[in-house]
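Dropping the structure in here first, questions after.
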Amino acid sequence: MTDPIISVRNLHKWYSGVHALRGVSLDLARNQTVGLIGDNGAGKSTLINILSGLQKQDQGEIYMEGKAAEISGPRDSMRLGIETIYQYNSMVPTMTIARNLFIGREPLKFAVGGFGIIDLKKMRDESVKAIADVDLHLRSPDALVGELSGGQRQGVAIARAMHFKSKVMILDEPTNHLSVKETNKVIGFVRSLKDQNVTGIFISHNMHHVFECCDRIVAMARGQVVLDKLVGDTSIDEVQDVL
Amino acid sequence: ARAEGLNIVFTHHSSASNTFWQAVKKGFDDACEKVQANCQMVFTQTEGSVEQQLANMEAALARKPDALLTSIVDDKAFDGVLDKAVKDGVIVIGVNVDDSQGAEGSARQAFVGQGFRPAGYSLGKAMSEKFPKDGPIKVLVGISAPGQSWSELRGGGVMDFLEDFKKANPGRDITYERIDSGTDLAVTADRVGAYLNAHPDTTAYFDTGFWHAAVARVLKDRGIEPGKVLLGGFDLVPEVVQQMQTGYVQVQVDQQPYMQGFMPVLQVYLAKKAGLSPANIDTGQGIVRPDQADAIMELSKQGLR
Amino acid sequence: MKRFLKVYMEKPELAALLLLVILVAIFQGRSDGIFLSIDNLRGILGILPEMALVAIGVTLLMICGEFDLSVGAVFALMPMSMAVLMAHGTPFLPAMAVGFLVCVVIGFLNGYLTIRFAIPSFITTLGMMFIARSLTVVISGGFPPLLPADLPTWLFTDFVGPGNVIRMSFLWFVGIAVIVSMLLTRTNFGNWVRATGGFFPAAAAMGIPTARVKIVSFILCSMLAGFAGMIQVFRLGSPLPSLGDGMELQAVAAAVIGGASLNGGIGAVLGGIIGAILIRVIDNGLVLSQVDANWFKFAIGFLTIFAVVANAWLRKRARSIKVEI
Amino acid sequence: MTDPIISVRNLHKWYSGVHALRGVSLDLARNQTVGLIGDNGAGKSTLINILSGLQKQDQGEIYMEGKAAEISGPRDSMRLGIETIYQYNSMVPTMTIARNLFIGREPLKFAVGGFGIIDLKKMRDESVKAIADVDLHLRSPDALVGELSGGQRQGVAIARAMHFKSKVMILDEPTNHLSVKETNKVIGFVRSLKDQNVTGIFISHNMHHVFECCDRIVAMARGQVVLDKLVGDTSIDEVQDVL
Amino acid sequence: MKRFLKVYMEKPELAALLLLVILVAIFQGRSDGIFLSIDNLRGILGILPEMALVAIGVTLLMICGEFDLSVGAVFALMPMSMAVLMAHGTPFLPAMAVGFLVCVVIGFLNGYLTIRFAIPSFITTLGMMFIARSLTVVISGGFPPLLPADLPTWLFTDFVGPGNVIRMSFLWFVGIAVIVSMLLTRTNFGNWVRATGGFFPAAAAMGIPTARVKIVSFILCSMLAGFAGMIQVFRLGSPLPSLGDGMELQAVAAAVIGGASLNGGIGAVLGGIIGAILIRVIDNGLVLSQVDANWFKFAIGFLTIFAVVANAWLRKRARSIKVEI
């Protein structure tokens, strides 16, 4: 096994009155896809929120490609090459689909010091493509996200993540709300990450999905890692027993 | 009233909930009825807002009235508009507040009223008659609205007098302080009440409005007898007259607002009908003392004072 | 101990209480002990009920997710209606009933227009503020009538209690505060208010009659403002049309200082009251500390921000105490 | 087949610019559990939102036990005996779990004209029981819903619906975010509806779940019903073909 | 046609525009044709830029999800700082630079305190309103200094254009409006503003520097208010410490009338401008219609509510037009 791309050591996270992570240590190997499972409230989202900079650990370290990494905001995390789909969709309902897809990463016609004029045409065209890529059928990229159905929104979030593929992809229950067809697309996408040299973390409560597309299973319970095995070395039943 | 065709507008810097200006309005309306003029008074929405007054003035002038009555609370802001109005043949009369340069300062043809600063000065002077003949004198001046000219100028007038008084009595220990006393009976009562707690030896309190009426109530509630803390301020509203009757308020400046509303209309009428040119009217230094209170109360209830 | 501190300080109204105690101590020092003298307390406690009653209403409404800028104008309109009626010979009780009816109508209109047309209450009540203020001037004809001499004002303004420090109005205020507080925390209506303000779609989906809940809150808020105005007029003896000007912002500030959220769903009656006390204490303490007139507003502004910042900071500290509960 | 408990006839619903339902007619037989499936944006949520009073149809009629029913708000729907779990959780994040469970149906110590003092003890006790019934592990019924994990929230919503069981239960993607154990609980619950004389509508994108617990499958596409068969007469493959 | 009507009327700013046209027509009738006379237009257009500039800033800030009550005070403070400096001999340009610096500092503090301590901007800016107003009085010493005679005020206040109906300030206003409007709709910064106000957690999660976006918006809003104040002072000829009192609520009202949402994320610069025009038109039209003084505020309140209700109603009608798009 080569150097891990991400290592976390002894992470602790307190919410006011709740000890949500109780010393989690984990190494993610390069180009491996990890399935993260666990009961409701086990701390999965908390762990990945720390990796994506939404929250800050109270204790513990994160290493990225061997170097200690200070992640104090989503921007840091993105800079390190981590792309996340959050459990609760991170869409601005009052904005159009196209604008949502490119929030914070707008294609610019020209820019001075990071600010500039958005290339609206390019943005529209690319978003039409990105949405088509996930087999989502939407009327127009100019519809407001707030007017989409639950699954359509989730689909847009996935289209965004797939479009801005990065070194590490974290997907927190991405298939919720999705129809069968799109779910299959997502599973296929996760399975293909490896081939594209992308490391993945896939959270789901559907064991079949996890076993179908991951290389390794990590199970959490009550804020701790309770099982960590390669897919070949374990089975759905064993995993369900530990939980 | 349209028949006569005399159109008069009155713009000033105060809002409709100001009792003083309601008295001016009454005089204005009564006079207009007498001369059968078509009249309009325009209040501001925010108390003391010069820019709103100017906007109202511009709008009213677009109707090309025969006369414009206005308070001139700022030396410069209205100059352009007044110049143009006079050039267009509108009779312009300053009311209540004049340009500090007087007739030189603006194009207005006459002034009806009394200056803020002189009024403050005469208030101080009238009150000083009640000052103790010896011992230190500690005065509190309540600036009702810091930064607004009517309040600052009246307070300034009072303090001008106090400075002169100091010079005239070099041997005595005379001090004064100013606080932001607020433009609300309850607030003024609370703030001045607190101040008096901390400084029970205060000789006199001057308000730049009529909100010391509430201070009188505080004194009464505390069982302090009338005259221990002298109270004085501006404008005869019923509350103050009431407190004069009880003896807590010693001196009040009355500008005779009814007259300020009434007279300019007559002047306009005379100017139009007989070609008489408007002349300055001093509506009086109007120092009112408690002995006049009962008589005033009757008139005050009718809105005449 | 740590646990106690955590639970205690996480409540915004209690963090505000701590702040209040500190401020009082400072002012007591700076004023050479006059701040807590009977006379001064009497002054503070005399005016407090009026502001606090308004703050209670606004807090309730803010928990319900709405906003009322018309309280200051209603504060003046209700007693003015009464005074005008009484000046025309109506006896006290019917006049008071009409006064409250006026409040109910205004509150109802505020709520009805806001909900029926789905417009922000900021606008409805801003407009209503102008309307009510204008009506106050109109009915008084510009000249406030004097109050008849034989009113039962003692019921609201007489001094009572040991050392005569409190007025009757204080008892009314405490009674109303307890009732509204119970209403909010112990009754199903209170639950609905909180749900409606907390997350409107959920409350509506669970079958809560959100429109009625909001309208009732608007009406309660208006009535409390009117009642407070009546007390003030009885205390001061004269119904001025300019009464309560600027009170709308102060009341919101009180509610926020006491921990209510402008987005609704969060807040407590006690918080609004403590906020109102803080504002009164700051105002009074600054006079005693002899702040110059020109700097007075500066100090008020500064301390208002400071109070909320300190409150937020205290709560944050409390949250980060690591105790499992 | 006896009289249908709910019939809808020719329902149309327009959102500004979107024709979401295009003439849906459906009869729900008493004590039958219907699985409602369809692609994202097919109109499933819209249909059930109309039944639960969240939205109003633009055209078409609803009959409840043979009588024309005017549903103009969630209250009407509840009065008719319809209990709903919405796709987007209908919880107030700033309130405690116990209060959320009983929103609008608080147990009262005494009441006058519908208003009264809440029986706090009863509310707490019953909510502890309701939550235990769905195998959810929560610290205390006094925690704020806003501080729960995604699955925990969904669990509370389910606990509420199960607690206030009614004549008709509508569940819009109830198993999203839920862990395996709880999902099984929900499936079991849906399957048991029939025995308790409750009519059910179960929406899910998981065909296995639908086939496991429903008597009849209704598939929607583009605002219309495209398939309506008893479970015995169809198969997962057939359904997937139509969609 | 139906389709056009639908798309057009669904935009709140365009619905407001329709309302504006109707109101103008009514006032034109009621004022015997004086409303649209050159003289009156000159009056309206002379004042409009000042209010509209403030409204633009507030609209921007509201889209960003925040609120600024200090604009009215900054409106007075910025020109007062300039005037005081110039009275002490500082030349025009450096004085103006310092004036803007003051605005920047206030805007920065508003934003920084709001974000750093996660407190509502309602409180921060309410406090700042008091502070700025107080500073205005303090630096002027209560009495405004005179402006030097040789200022390039022509750059802001001279009449230009056909019939001399507009002032230079109008050109500034149009220029700035176009720039801010472009900023909001065409640049990535505008996208961030809208996202930050629309749904803060999402914006933060997508890596937008939300804190910086908000602070910049606060600063822009302050600067626009200060600039507007400067123009007004040049027009009036004297820097009064009481300028802009009450403007904070008017600016918010303008933004809301023009369709901006108090919850953030929704709004347009054009809307804020139309809102400001509506407010000016109502004000001016009522004077020309010779509404009785005591009923004046009533009419303003009524028309404000009416404008928003009508706007909401028009949009609702438009939404229910059944055309597929």
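Here the chain labels run A, B, C, D and E in written order, and each chain numbers its own residues starting at 1.
By definition in this document, contacts are C-beta pairs under 8 Å (C-beta built on N, C-alpha and C of every residue); 3 or more make two chains touch, one makes a residue touch a chain.
What you see is a predicted model; the values in this text were computed from it and never measured.
K.L.:
Where the contacts of chain A and chain B overlap, which chains show up?
P.N.:
Where chain A and chain B share a partner, that partner set is C, E.
K.L.:
Please state whether B-E or B-C has more C-beta contact pairs across its interface.
P.N.:
More contacting C-beta pairs are found at B-C.
K.L.:
Taking each chain's centre as the mean of its Cα atoms, which chain lies farthest from chain C?
P.N.:
Taking each chain's C-alpha mean as its centre, the farthest from chain C is A.
K.L.:
Take the average of all CA coordinates in chain C, do the same for chain D, and state the distance between these two points in whole angstrom.
P.N.:
42
K.L.:
In whole angstrom, how far does the Cα centroid of chain D sit from the Cα centroid of chain E?
P.N.:
Centre-to-centre distance between chain D and chain E: 47 Å.
K.L.:
Please tell me the distance, in whole Å, between the geometric centres of chain C and chain E computed from their C-alpha atoms.
P.N.:
Measuring from centre to centre gives 30 Å for this pair.
K.L.:
Identify all positions of chain B at which a residue touches two or more other chains, and write them in rising order.
P.N.:
16, 25, 45, 143, 146-147
K.L.:
In chain D, what residues contact two or more other chains?
P.N.:
Correct list: 16, 18, 88.
K.L.:
Specify, in ascending order, the residues of chain E that touch 2 or more different other chains.
P.N.:
Touching at least two other chains: 133-134, 137, 142, 294, 296-297, 300.
K.L.:
Could you list each pair of chains that touch, in label order?
P.N.:
Inter-chain contacts occur between A-C, A-D, A-E, B-C, B-E, C-D, C-E, D-E.
K.L.:
Where on chain C is chain B touching in the complex?
P.N.:
31-32, 34, 37, 39-40, 42-44, 46-47, 50, 76, 130, 133-134, 136-137, 141-144, 146, 159, 232, 235-238, 240-246, 280, 283-284, 287-288, 290-294, 296-297
K.L.:
Please name which positions on chain B make contact with chain E in the complex.
P.N.:
It comes out as residues 16, 25, 40-43, 45-46, 48-51, 54-56, 58-64, 74-77, 79-80, 143, 145-149, 152, 156.
K.L.:
Quick one: which bits of chain D touch chain E in the complex? Just the residue numbers, please.
P.N.:
Interface residues on the chain D side: 14, 16-19, 58.
K.L.:
Show me the residue ranges of chain E that touch chain D in the complex, using the header's touch definition.
P.N.:
Its residues touching chain D are 6, 10, 318-320, 322-325.
K.L.:
List the residues on chain E that touch chain C in their complex, please.
P.N.:
The contact residues of chain E facing chain C are 69, 113, 117-120, 122-124, 126-131, 133-135, 137-138, 141-142, 249, 252-253, 256-257, 261-263, 294-302, 304-305, 308-309, 312-313.
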